[in-house]
């Protein structure tokens, strides 16, 4: 959990912007919710590496260097993340780390880096089989481990060659698709694959609910220490309604995606703040069982779009249930425990459970309100 | 044929449990039906290999070691199977055999192992082309042969890269899909491929009849000594009805899948026992011609689901015919010999045959009752 | 053009059978039509190679050895073909040539072999990328060239990895699909791919018209000296009607597939003989331009099946037009020259042409009867 | 921008033809519009390389050699392009450059070559993974760079293995599909792939609008110095109507494809000339932002075919909007700024813009006429 510069600021970043964001995170008490990482994405680079071949930052944007920035962030009790690319150039056209894994990892460690997002542009054809992608990303994994500093390794190869199959032993998370954009469910030709199981053009401009679709078969591959990354959050960037952002945040949480804020944290509405600080939802995301929810069914709606039921198990015999609606109208659905508890078996399917709505607040003003006790089904749920 | 710990007990195994199962197999006379292998699946492992790099069992679960367990099983006239993985870890997170093929095979031989199930988790990207999968699985094949001990080699790479194309010279059987689950025909998003001819995410939670679907084009690749493995049986685990388990057992048999029980053999209903001891069906499975049946047609039913006709040839001019129904209602169908004998030609298609129903008992109480003589067709068969 | 043992006799071959076939070919004057090759398919092998590692025949089936057989066939003015496999075993389980390319090619040359059909079974995972398939098949190509004897090289890798893309510089022809079977258009689950552009399970039991479907996009890749091989002919084997065999022979001819008889040439009906000796059709096949016809359209028919228009160009400003019907009923269609001459342009599309029906005989009893002169279209053609 | 021999003349080229074309380009003032390259495609070759292994031209077609031709073209102020192939032979069967990259690049540089189109035939199976294609094409890239002469490198591997993913660091442009042909939207079996994201048979005879379809998801991969090449233009070759060629030229322009004329420039109608000299459209193509337009939607039309909306951004806060219609009838559509400005956000989507029709001329006779000011939408546009 943390924050990243890219979704809102793209290449327009500098020391001030990052420090302002870090301060805002403190001011809004975000670390107490778990948002600890301050991640600097692409475009921090100087035009070239230094004479020794080591990476160096843009001297205008980062006049005090990265180490100074990192120190300040650490002094606030936060962690610091950086970005590079497993190719000759980053996606933004700056120097990449392919062939420079050792010196780059060493430099990051010297700078006090705690997190590396490692992208996939300009990889010189070193993809197309799991072996090629594994080897390329493993080189940085080994280099990071060689530094002796714990650095969270966030692979960003856009689901190419199935990282869910090969990356769990070398990385902490892996992106599963092309980049999200701030939109609920619009299909965009730049995110052309219907599934990411064998997608050959990850692209970008993937609508939020499409990424949920992509993630549905992949939950089985994630677990503690090795996660599917559904991409950074768009909550607060303005392209979706409150209900849509609630869906976005909830689904990212129950699919156990890293929760990395992508908005301008120095300038948030109350609505945005209330969504990202729903600690009941965050608890689902951080549940120690680390088991992503599963889509139990997906039904087409006659008006267009789909209605979906998701469920999953948490620690302490608790379970999570979610309905998602991409149709243009409200839908009413009866949730059968036969579907919810497909993995738990007959006793659960006919059992009685107390239901807590994580998007209502209880009498004490805390997220999560008990809304009744149900046996075998929850009848007539309305989902907007 | 045999029994395996996984489907019913998962990781909760130890010496007592396995010996109890072996004793129950003797008590129920299962070896006389052909069930000879007692196979210990994942989670028998200690936390690490021993100081020499050799595998060693969990000292709590197996206080007497594996050799002692194997000896006891052999003393009952049964054979003993073990489990490992062609990766750095087993699917359950224990040490894998990748890079340790020789020492592991030698150790298994010393332990008196007769069967190896060899899984596919954490394979470091060594898949994606038949060559990579072949090389990785061949390393263990060579190592097993080097021991001099006959050890049945059961590849479990979930159909990746088409083992039916490359494994017949190195293994005795190969899994064709993700793991079965104890369900007749429910579609589950965790088993997302519609076909396994080029599936890139094998997954698990594949319903029983979906695996039959996956197997349909692959029967041509199996034969004596090299079999398609449809995964271990779920008969008796409670998720299907009697008729559904009858279908399960019958179809596994006529597709010549290994028949490995996956239930708790110490606690079986009479129904379960009667299914798994239908020696007429077992004879079809063990028929020396070793020729899997072929699906001759698959027709959609207006109420949903499908009706399928399968047929195949046995030794001694006998043939097997099966109908399968995944629709929600009973179906009536006339079986044409033109379809049944597509491979045998015109003389058979117009011929006269005596029909034996392998799921009825004759006057002596033996499975298999003659139910009439038919020419060119069997009219109006009802299939539930 | 020639004859091959497999389609009719499978593994039941010996010297007598092959010599009888060769004599029948002479008796029926087939060489004068172009049928020159007598090809011995799988199962000619002894149990093992000889002590030097060279191939040797089954001593019972071929008591005089292969050289003697080859000599006799040459003495009849015919050429002699043999079969092997780019794997460890042939499809029938005999020794393969993988790793023995040089000694096998040398031996074939010593035996006077003129043609090699080179199969794809048991290839140890050496497929899955064009490079792997190319290298494996190129090894034999080089070995054949090293013998100094001209040996026609007929690749049989079932279209795997797209031989039309990589084989034209190393082979004379390449199979494009799984094995044909003697059936007009029945779909069989053992030939599961809808297209062979990227088929991962070639299989067999591919109906005749399905192979035409597979060939449709591939005609562009063939030309003099490098041909798409649609597999050996089934004409005369009994599974199709006269009209269906006429379609079979015609389409193989205009797609420029090698015409290798697959029936029992010692026992042919007059109908069979008349089809395979239609020298007008054979002339289309052997036309020196070597340009396969193209499918100009394929239209679904309401009763089921399809109607297709094919056209192509021959030398001397002649063109070939074919209609194919896989629907259950007769169809009437107007053939537009806009479609026929899509490659030739406007002048041809409005031009006037004299039409010869190659399946009618003229007044002198020769195949090919003029049936009229047409401008811009041929109206109301009936196709059964 | 320039002209190429292939689309109109194929293999029938010689020095006179190319010089005549160059002179016609000067006569029609085409260089002032940006058409600077005179590109000689396949079939300029002698039967073999010279004794040193260097390429040499056909002495009959090019009696003065290539250097002399190049000099004459340079003396007209034009640039000179040549063609070769990353295989053992060119598509036309002449010597290829595979294994001869250094000597060929050096020779081209000596000849004064400014542009290389590098084809993909007969590549010996060196494709099928991005790595294999990258390595093969990179060999020529390195060789060209080693010459010290700036030579534009135009990859023509027909989209195999996704050059948009791997070629931007080694080439200036890459073909994305099989060859175009001079037809608006006819489906042809020789261009069988529905998408080029993972096409295994590029083929040829791809209709013009099908190539636009192929290009739609790929625009995101192009930018200054690395372009998607939709293939050479067919404008003026006679297979399309005026409106269709207008669509062709417009869409190539806004997708930022290289504009390489493929007609006979010595013999052009006024219509043809007016299309290719629409400098407003050319300005869109050459816009320095280098950002290809995106297809915002594609809607099927009940009469058949599709209606599409494309939009993109240019420098100076200008935008391009295009509608394309492949249905058989005129269509009326309201263009919503919500769709046009999906990337620019809410302020643009409700904004007011002045519209210029680039295919009408203004009062001064210049291409581009203001046709009104619109807010939020352009209602009722008719598209033929």
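Chains: A, B, C and D, in written order; residue numbering restarts at 1 for each.
The rule we apply is simple: contacts are C-beta pairs under 8 Å (C-beta built on N, C-alpha and C of every residue); 3 or more make two chains touch, one makes a residue touch a chain.
Note that the structure is a prediction, hence the values are computed from the model and not measured.
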TODO: Please find the path from chain B to chain D through touching chains that uses the fewest steps, and give that number.
DONE: 2
- [ ] Could you label the chain C-chain D interface same or different, taking same to mean over half of its residue numbers are used by both chains?
- [x] different
Open item on the list: Quick check: how many Å separate the C-alpha centres of chain A and chain B?
Closed with: 39
- [ ] Please set out, as single numbers or ranges, the residues of chain B touching at least two other chains.
- [x] 129, 132
TODO: Pick one for the touching-chains graph, please: line, ring, star, complete, other.
DONE: ring
Task: In the complex, chain A residues that touch chain D - done: 88-89, 122-129, 132, 186, 188-190, 192-193, 200-201, 203-204, 238-239
Task: Residues of chain D that touch chain A when the two form their complex - done: 129-135, 138, 161-162, 164-166, 168-169, 195, 197-198, 216-220, 294-295, 298, 342, 345-346
